[in-house]
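Two complexes come next, and they have one chain in common, subunit A, joined by subunit B in the first and subunit C in the second.
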Partner chain A sequence: TGGVPRVPAPVTSVLSLAVTSEQIEHLHRRFKQLSQDQLTIRKENFDSIPDLEFNPIRGKIVHAFFDKRNLRQESDGLADEINFEDFLTIMSYFRPIEMNMDEEQLDRFRKEKLKFLFHMYDSDHDGKITLQEYRNVVEELLSGNPHLEKESARSIADGAMMEAASICVGQMGPDQVYEGITFEDFLKMWQGIDIETKMHVRFLNVDTIAHCY
Partner chain B sequence: MEENRGGHGLTEGRILSIWMISFVALVLLPSVFRVSLGISHFYVKILIKILEWATLQIEEGVKQQKAMALENLISTGIIQRDETPMEEEVVGRCQGCFSLADVMYFSKKGCEAVAEDEVTRRFSSEELLSWNLLSRTNANLHHVSWKLAAVWVTGILIRYCLLLPFRICLSVFSILLLVLATTVVGQIPNGRENKPQRGSICVANHTSPLDVLILASDGCYSLVGQVHGGLMGLIQKSCMQTSQHVLFERSEMKDRHLVRKKIREHIADKAKLPILIFPEGTCINNTSVMMFKKGSFEVGGTIHPVAIKYDPRFGDAFWNSTKHSMMTYAFNVITSWAIVCNVWYLPPMVKEEEEDAVHFADRVKAVIAARAGMSVLPWDGGLKRKKVKETFKEEQQKKYCQIVIENGSVGNGNVC
Partner chain C sequence: IPSVSSIVPESCLLIVVGLLVGGLIKGVGEKPPILKSDIFFLFLLPPIILDAGYFLPLRPFTENLGTILIFAVVGTLWNAFFLGGLMYAVCQLGGPGLNHIGLLANLLFGSIISAVDPVAVLAVFEEIHINELLHILVFGESLLNDAVTVVLYHLFEEFASFEQVTILDIILGFLSFFVVSLGGVLVGVIYGVIAAFTSRFTSHIRVIEPLFVFLYSYMAYLSAELFHLSGIMALIAAGVVMRPYVEANISHKSHTTIKYFLKMWSSVSETLIFIFLGVSTVAGHHYWNWTFVISTLFFCLIARVLGVLVLTWFINKFRIVKLTPKDQFIIAYGGLRGAIAFSLGYLLDYHHFDMRDMFLTAIITVIFFTVFVQGMTIRPLVDLLAVKKKQETKRSINEEIHTQFLDHLLTGIEDICGHYGHHHWKDKLNRFNKKYVKKCLIAGERSKEPQLIAFYHKMEMKQAIELVESGGIGKIPSAVSTVSIQNINPQTLPLERVLPALSKDKEEEIRKILRTNLQKTRQRLRSYNRHTLVADPYEEAWNQMLLRRQKARQLEQKMNNYLTVPAHRVDSPTMSRARIGSDPLAYEPKEDSENLPIITIDPASPQSPESAELGSEEPKGCSGLPPSPEEEEEGLVMRVKEPSSPGTDDVFTPGNSDSPSTQRMLRCLSDPGPRPEPEEGEPFIPKGQ
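The block that comes next holds the complex of A and B.
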């Protein structure tokens, strides 16, 4: 409609790459739809997305939108509501790779995405993924299967943690306790997994509006 | 002085009488006797020419052409969804083990859903490829060139000062006529033949209350629909006088059983008019056909599908009942250029022996969508107002489980 307010200029600095102003306008329209024409979105607004209901880790995804660490804010914890700029900040974690990125940019790009996933696992914000947190994620992913008992989910998580420990710390003595996966360890675990090309949402590139019937 | 005033009064009276005469002669009489004077066809042709000219203007003004990309954008949305099925993406590394990367897959799917989803797109007006010179659609293109702006302003003048009063006149008159006439006609039995035969069910996709008008102008039906208040309610009540219609409250559970019973009785009686049902249950924005509720397909009898497609260039017929009231919607429609609509009567279909109602409903839906050039969605139109059922959510989780767990037996917690 004609009433869409112009997106304020500072927003474009958040996504300095690969997202055109057309796409920002589209996202803005989507934001307005989700927020029902308010200036901010709350957790409840995500209930109106039927596609999202299907996702087993829906809770964690919605959580991620309000996580202050993802919003690049100084403080910790969860925000109650986010505005459009915050919305774009979160969406930018899923921007696709570009051809002209150099080594350093690529590395930063990868780290950012991994940080996002790390925050999804680390629900108490202490900078470490403990065994319990890992278990939580596995349980959420597998919770729909009626045949699966809690024990099985647990054993998967436990096995995964042991594997992680062996990658990160090497052989542990009988007295050593593996505290949890830190971000550096997390990075090590993802070596070899092609996150740059898999974890993105590709926007269609449209510059103009002309068309002939 | 007095002569002047007298003269004035006379010219005013003359204008009014000319208006009334042309109104009756050009509009009322032909429509009563179902004669077409060709005025609307002519009008539509001129409109098309003007809109094409406007599109060219826009192209010149903007100086670039990305026609294909734009087409894609409109039909598939703003993101290119990754269609790799869960199995391929997750299993990639090894069967029967859990991997960190699985979280990545689901978070990506989640982000895609937040950026855009197929369902809510259907409940807002369709995006147009080009501007159709109505003030309320699309980007602010009227400052592309002064010529275009001039046409746009003229368009506003024409629509609001010429078309609007004329149409208001017409609608006020018709509603009065309807209310008066139905009280009289209600006493006379109706005997016309029509395309869907008596004792059958006519099924169509639903975009707005106008669907009923359009079908009714070509034949008589009994209607099934949601009870409304206000102006719509008045029209509904008047229609009830002439033939048997079934009205119900959407949220009432027992109403649904009652409706089904009534429909069954209605079609059993071969003398009664065919019953018109919109199985989607709510207005969709005419770009796709959503889930057909199985109720009307269980009843038996012949189904006559009808496909209705509005041409979006001339005006938006979709009624977003959660956003606009009936009056706002009516105002929008009356001030559009025109409502141009294509109606296709499709050959009758019958439920086969081993087929269940849901499968039959899907079959009819596919036929209608194919004819009208719309996409098919399995989603329920009721999502406009309600949330997704829990059972659907669990389906996805179960699927993922099966991949990781490998048919019920757990691997020894391998991580890859």
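The block that comes next holds the complex of A and C.
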């Protein structure tokens, strides 16, 4: 096996900060574990992670790795397999915040993370989270409890959707229809939660800004 | 002109009141009482700590636990030794008055005064509403440093009576820290689990549910204090452990009771503590030594600032969200001392420590300085530095969904990376909790209820209560949006509404009932019959007879007072109180009332939102409500398993098989519990969280 692979330019330029070389090594090792020494990973490779079994939104997480919108490719839809660059790209969404970010960078940082989440909710890629998709999300969240009726999940999703509509649109007449949660509405809903501090995986600490080529 | 209360925090005003009262008592010639340590530690302190522990916001606490522990343990140790050492130096140089104070005495003094006091911190920080992070850091530190204080205090107190201190003693002292803190936590956890387990079986005796919470917590505190373990940590641990399970088991009313009792007791305690501090200042014997006191004050502040600076530098290496200098300033400035220091000083034995009066004077001076000067100036400083304030966000169902989603996502990512981080272990703990612990400690079906559902039900109930409070189902307050299910899902038939559909007449009836019953402050028992939907003349006659009998009984009791053998067994005051407190009306609904919704309303307090509970709406075609003691609802509609015949005086005659069960029924029916199982299509579940 060669040394640490090149981190491609798109990763560093768009995200403007790189992960350190040790972290890349660690991730590369993990990648090789998952792919069983192949160059690419397919969906089935994720089955080999035992702890992932218990995760109720397992499907969505795995799906997110193959979502072309997350991989910054121009096209849409799902990739069949991803290589290490793509793996790193997905991982970079979980970078922790840094002290020296200015307002604009912070805003972009936040938007990126929220976009990732949005793509997870919006499974049919039409740019809106419809009621059915939201119901699907809630059902998956509650899927860890086998004896739960679908009715409860549905009513929760309906209630949540109504709340989202009232936050985003305000008062609605009985004839208006709220199509779905767009990305702007999604941003509004997340205003109270500071995602830039919450959505990170700890070991991806950017201690030194080492660009590795 | 700003009002006094906006400048001066309440704690300062209370101390001033105490000073005045003490001065008054002294002026009259009496000896003012001093805050005795056992009263303080046994009666005044536990309610405050229990209140803090029971309502501790667990998420920010556990997220910042490392930081809090470092501040609490290392920070307090640093303060104690730094201060003790420097004061020893001062004493050596301070002239004849101070020379005889040894190193150990100074270290003891340092350990007493170095601990940040939770009561003072609570009192001051409650009013300034800073952001959650800073609040939990300072407050958490003040709670957890109790273990260190206890260990150091006892250690130095004992060492002061030794001839010499060996290395072994020091090592044992170091080990005792772990014993004290972990032992305290263990005691708390044990009692918490017992309390949770007990609450599982309280579905028949709901009125005394709050008692278990208070009782077991207090016992945890006493047990820990008995063995010189950290009582505060035991109390916190008990509160934290028992809370999720107890709240799933107890009724909504018990939950309210616990909340209000804790708040009430802790308020009273806090007030008394500060007043007593003032009085004790006037009453105590003081020995003022300029050098000692001023240098204590000075070094206290310096120690605190240095400690916070150094520790933050160290902690920031490991934190994701770093602590800014502004945060550090607030943490340092918020290190208030309070009554615990005073009480510990008061506990010192006069024979071993003859400089006790001087210590007490210095302690009081430091307390006054921190509470008055720092307490008063922290609010303008917070505004000046533009420290982030607490955001008043209402928890919405969306946030809950998103937070849970994020948790699972991060856990998944950690698993994929192969990194066993924070989320991984939290997830494992949750799964363990769900699989084993909840089954043991939560009664019935609720053990399987996922958090999202519980949260949703809680929110639904709050909204329902708000709706009722705002004047009935017809009027929608402007705060609530007009968005309905039609707006988001046009194909949905009205039947699929989240709220069950009501016909116009039913709505009118409900509105009328709610209006009449909520606006009357006190209902006489008999008048309920006239306004309910389902009055049964048979039952009404029985109730009239009951009341008549009760009056006759009371009369007879008075006459029987002087007889050696009473004719009937005398009712215990508790039982009669329970009976009067609960609604003894019991009657069966008419058989054809299946189409009418059954409303249950608590007569006592129309103002409190928690008193209104909307009962279940039976879907059409359901056979009448089955009478069962499990379906506990109170007020207008109650079901009695065994309706007694009008002839027997069953409530009072002993030996009758009906009477104990009826008694129990009456007592338990005063407090509805969580519905055992959500029935079909039932949106409102009137139970606790």
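In this section, the second predicted complex is superposed on the first by the 184 of 213 C-alpha atoms of A that agree within 3 Å, B and C clash if a C-alpha of one lies under 4 Å from a C-alpha of the other, contacts with A are read in each partner's own complex, and residues count from 1 in each chain.
In the analysis below, contacts are C-beta pairs under 8 Å (C-beta built on N, C-alpha and C of every residue); 3 or more make two chains touch, one makes a residue touch a chain.
The structure presented is a predicted model; accordingly, all values stated were derived computationally and were not measured.
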Worksheet, complete the sentence: So, after the overlay on subunit A, do subunit B and subunit C clash or fit? They clash
Discussion item. If we overlay the two complexes on their shared chain A, which of subunit B and subunit C does A:166 touch? Say first, second, both or neither.
Written reply: second
Fill in: Touched partner set for A:46, first subunit B, second subunit C, both or neither
both
Worksheet item: Which of the two partners, first being subunit B and second being subunit C, lies in contact with A:94: first, second, both, or neither?
Response: both
Discussion item. If we overlay the two complexes on their shared chain A, which of subunit B and subunit C does A:36 touch? Say first, second, both or neither.
Written reply: neither
Discussion item. For A:56 in the superposed arrangement: first (subunit B), second (subunit C), both or neither?
Written reply: both
Discussion item. Contacts for A:197 in the overlay, against subunit B (first) and subunit C (second): which applies, first, second, both or neither?
Written reply: second
Discussion item. Quick one: is A:75 in contact with subunit B, with subunit C, with both, or with neither? Answer first, second, both or neither.
Written reply: neither
Discussion item. Output check: A:138 vs subunit B and subunit C. Expected answer is one of first, second, both, neither. What do you get?
Written reply: both
Discussion item. Which segment, 92-100, 146-154, 290-298 or 326-334, is the subunit B region that clashes with subunit C in the superposed model?
Written reply: 92-100
Worksheet, complete the sentence: Check: subunit A residues flagged as touching subunit B and also subunit C 26-27, 30, 33-34, 46, 49, 51-52, 54-58, 61, 91, 94, 117, 120, 137-138, 141-142, 144-145, 147-148, 152, 155-156, 158-160, 163-164, 189-190, 193, 195, 198-203, 205
Worksheet entry | In the complex with subunit B, residue positions of subunit A that touch it | 1-2, 23, 26-27, 30, 33-34, 46-58, 60-61, 64-65, 91, 93-94, 116-117, 120-121, 137-138, 141-145, 147-148, 152, 155-160, 163-164, 189-190, 193, 195, 198-213
Item to complete: Give every residue of subunit B touching subunit A within the complex, in rising order.
Response: 52, 55-56, 58-59, 62, 64-67, 69-73, 76-80, 82, 89, 98, 100-120, 124, 129-130, 135-141, 379, 383, 387-388, 392-398, 400-402, 404-405, 408, 410, 412-415
Practice prompt. Within their complex, state which residues of subunit A touch subunit C.
Written response: 26-27, 30, 33-34, 46, 49, 51-52, 54-58, 61, 91, 94, 96-97, 99, 117, 120, 131, 137-138, 141-142, 144-145, 147-148, 151-152, 155-156, 158-167, 169-174, 176-178, 189-190, 192-193, 195, 197-203, 205
Worksheet, complete the sentence: Given the complex, residues on subunit C that touch subunit A span 320-322, 391, 393, 396-399, 401-406, 408-419, 421-424, 427, 431, 434, 448, 450, 452-453, 456, 459-460, 481-490, 498, 678, 681, 683
